[in-house]
C-alpha cells in the first residue's frame, strides 16, 4: 500500500518536460515535491498564476501571493499573473496539459464527485468543474476506500458529480487504474497489494 | 469629472439599495475590497445578492455581511473556509447559487462585455446544468450560461490614478478586473493613489472607463492560510 | 449650410464633461478640434487605446501608435492600451458614452448604412457594427445629399445596413435631426437653410 | 522544452499544410507578424483561410499572400486599404467572410477560451446576421457567433522570453493576444528576446502557455497612414 507521499511520487511520473499542470488541494499539492530531475514543468494556480513556486520562508510571505488553496506561495522567474476570466480561459480552452485532483468518488466510466455531500458538507466546486471539463488529461489521487472501508471506486457515483466521464486515471493507495471502455484497467498495483485484495475491496468493474 | 472620493462612505453614497446585486472582487481574503465591505456592513442595506467567488471568513471580508444578515443570496463557487456561510446555507437561511469558478469569472466578463450568454462545457452532466439550455457544437454538449450585470461592483487594486486606471499586484488581481467591468457603477479601493501619467499605459489592467469612484483604503490584507516552506503539512 | 468644420463644431456640443467617446474616420475625427473649454473628454480608438492624443510632430511619430483610421497619433498621461477583444468589450458592453460616425445613408427610423455598396465599393464594417450596437448614443455626421443631389436621409436605406434603429441624431450640412417615433425631428437648421429647402431635398419624413 | 527558434523558416517547419486556417494578429500594418508572413509567402502552401482584421496593403503584410494567390478565403472586417484584396473579392476570386471587428476579436478569444459560441447584438438586422441563430435575452435580440480555433496562429510582440511570455507595445497589441490563444499552435515573432525574469510578472500580456515557438525578427514596421499635427487634412 502506498502512503500519501508515495501516491504523489507515482503521480509525478505522469509529468513530461514542458507540461503545464494544475495541482489540486491536498495530496496533489505534494506532487510538486517529486518532479523528476530534468523535467521542466510549469504549475498553474487557477486563482491567476502561471509558474507557481514553493511555499515561502517567513521573510518571503506576501498576502498578495497565494495559490488556489489560499496557501502562501512564491513566484519564479517565469511567473505571470492574470485575472480569473483569463485563468479559466486557459483551463477551459484546453491549454493546461494535466490536472491532478483529489476526489470523494470516481465511477468506472470516469465520473468524478468531489465537491459536496448533500445536507452534510458543502465545500463548493471551486474551479474543479472547469478543470475536469477543460484540461487535456485528468488524474485523480485518492484513498481507495473511505474510513468505513467502502470502495471510493464505484459503479456509479452516489454524490453530486463534478464532471461526467472526465477522469483518465486514478491513483489510489492500492494502485494505478485507467478509465477505459468497460471499466477500470489495472495499470499497476502497489507493493503488497494482490489482485484479489483489490478486487475484493473495489466496487467498480476492474479489468486486469 | 472627479473620481477620487475621500472615504468609503462618501464613495458609496447614493449607490446602495435593498435587494441590489453587488459583484465583488477577491479570492478568499486576497485582493478583497475590505474597506467598502466594512462600510456596507455599517449601513442598514439588506436583502443583498452578492456575486463573489468566496465569502471571506467569518469575521473578515464578505463574512461580515453574512454575520449582519445583510445578504439574502450568494453567487459563489466555494464555501469551504467559512463556517457561518455553510451553516446559514445548510439551515436554509441563505440562498446560494453555486457557480463554477471559471463560469463565474466569465459571467462577470460577459456581462461587462455586452455578451448576454455563452456556452461552456463546465458543469455538463452535473446539477449545475439543470434547467439550462444544452446545445451541441462539433459533437460535444455545452450549456448556456448568462452574462451578469451587477448594480454595483466593488473591487480592490494596488494602485489607481484620478482617471480610475487601476493596476493589481500578483494574485490579488483575481476576479477584480472582471468584477470591475460588470457593474453599472464600479467603486474601487486602492492601496495608493498615484498621479496621472505614473502608470505605464501598456501595464494598466483596468482602464479608467470601468471605474466610477475610487478611494484610498487602509488594508489589513489578512492571510487566510499561512504556509511556510518549513511547514510539514500542506 | 455648414461646412465640414462647422458640422464638427456642432457635433462637439454633444460632448459633456467626463464622457468617453469614439470618433469615426473622416469628419468625426475633426470633432476633437472643437472640444469646448472646460470639458474633459476621453477618446477611445477601437484598435485598443483609451485616451487618444493629437496627431504627432515628426519627432513623435511611432509606428506602434495609430488610431482606428491607421493614422499616427500620440498618447496622453491618461492613456491605456488593451487588446481588441477587451476594446470591443468596452464598446459592446455599453461603456462608451457616445460614438460619432460618418454614414452613406440613414433612414427615418435610425437605420444606418456605411460599409459597402454591393458590386462597387467594399470597405468593410470594421468596428462600426459593434459601435452602433453597443455605444449608448450614436450621432452621425454626413452630407445631407450625395453628389447627385439625392437625399442621404431616406425612408429606407438602400444599401446593406450597419445597424437597425441605432442612430440617435444626424448632423448634416443642413441641420440637426433627431430620430424620434414617426420620423426625423428637426432640432436646428444651419444658417441660410429654410424649412422648405430641407423638406424639398429630404426623402425621410421630417417633423418640425 | 526549447521554444526559441533561429529563423522564421525553422519556427514554421512542419506546421504548414494546404487548406489550413491561420489566425494572424495585427491591425492594418501595425503589430503584424511581418517575418512569418514573408516566410509563408516563400512556401508553396496554398488554399489558406486567414482570419485577420485586415489584409495589410498590396505589397506588405498579408497582401503578400494575396499577391501570391495562396489565400482562398479571408475572415476580416475591413478591406478598405487594399486594392488587390477588393479586386480579388469583387471578381469572385477570393472568398471573404465579413466579420465585424469586435466579433472577430471575440471569436478568437472564445475559441481559445473553450467557448464554442456566444451571443452578441452586433450585426442584428444586417447581412451579418443571415443564417445565424437569433435569441432574445431581456427583450433584446442577439445572434449566435462561433468561437474560432485556428490550426496555427501567428503573432507579433515587442518582447518575449524563453518561456514564451510576451509583452506588446502600445496599439501594436491589438488582435495579437487574442490570436495567440486561438491557435492549436502559436508562433510569435518579437523585436527582442529578453532573459527570463526580465519581464515583470504583473505586466505580461500573453503568458507563455499560449506560445509554442518564438523567434526574434527584423521589423520594418511600415506606417500606413502617416498623419502629422501639421497636416491640414485628416
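Per-chain residue numbering starts at 1, and chain names A, B, C and D are given in the order in which the chains are listed.
Operating definition for what follows: contacts are C-beta pairs under 8 Å (C-beta built on N, C-alpha and C of every residue); 3 or more make two chains touch, one makes a residue touch a chain.
Just so it is clear, the structure is predicted and the values come from calculations on it, not from any experiment.
Chemist: According to the touch definition, list the chains common to the neighbour sets of chain A and chain D.
Modeler: Of all the chains present, those in contact with both chain A and chain D are B.
Chemist: Based on which chains touch which, give the shortest step count from chain B to chain D.
Modeler: Minimum number of steps from chain B to chain D: 1.
Chemist: Which one of the chains is farthest from chain D, going by Cα centres?
Modeler: Farthest by centroid: A.
Chemist: Going by the touch criterion at the top, tell me which pair is linked by more C-beta contacts: B-C or C-D.
Modeler: C-D
Chemist: Taking the mean of the C-alpha atoms as each chain's centre, how many Å separate chain A from chain C?
Modeler: Taking the average C-alpha coordinate of chain A and of chain C, the gap between them is 54 Å.
Chemist: With centres defined as the mean C-alpha position, give me the chain B-chain C separation in Å.
Modeler: One centre to the other, that is 36 Å.
Chemist: Report, in whole Å, the distance between the mean C-alpha point of chain A and the mean C-alpha point of chain B.
Modeler: Taking the average C-alpha coordinate of chain A and of chain B, the gap between them is 27 Å.
Chemist: Name the residues of chain B that each touch 2 or more other chains.
Modeler: 106, 109, 113-115, 120-121, 168-170, 173, 201-202
Chemist: Which residues does chain C have that touch at least 2 chains other than itself?
Modeler: Expected reply: 75, 81-82, 88-89, 91-92, 133-134.
Chemist: Which pairs of chains touch one another in this structure?
Modeler: A-B, A-D, B-C, B-D, C-D
Chemist: Chain D touches which residues of chain C in the complex?
Modeler: So the residues of chain C touching chain D come out as 29-30, 45-49, 54-58, 61-67, 69-73, 75, 81-85, 87-89, 91-92, 111, 119, 122-130, 133-134, 160-165.
Chemist: Chain C touches which residues of chain B in the complex?
Modeler: Contact set of chain B toward chain C: 1, 109, 111-115, 161, 163, 165, 181, 196-197, 199, 201-202, 204, 207-210.
Chemist: If we count contacts the way the header does, which residues on chain D are in touch with chain C in the complex?
Modeler: Touch list, chain D to chain C: 27-31, 53, 76-81, 86, 89-90, 98, 100-106, 108-109, 120-128, 158, 168-178, 205, 221-231, 234.
Chemist: Which positions of chain D touch chain B when the two form their complex?
Modeler: 106, 110, 113-121, 135, 137-138, 140, 142, 146, 167-170, 173, 200-203
Chemist: Which residues of chain A touch chain D in the complex?
Modeler: 17-18, 20, 40, 42, 44, 50-51, 75, 77-82, 88-96, 133-134
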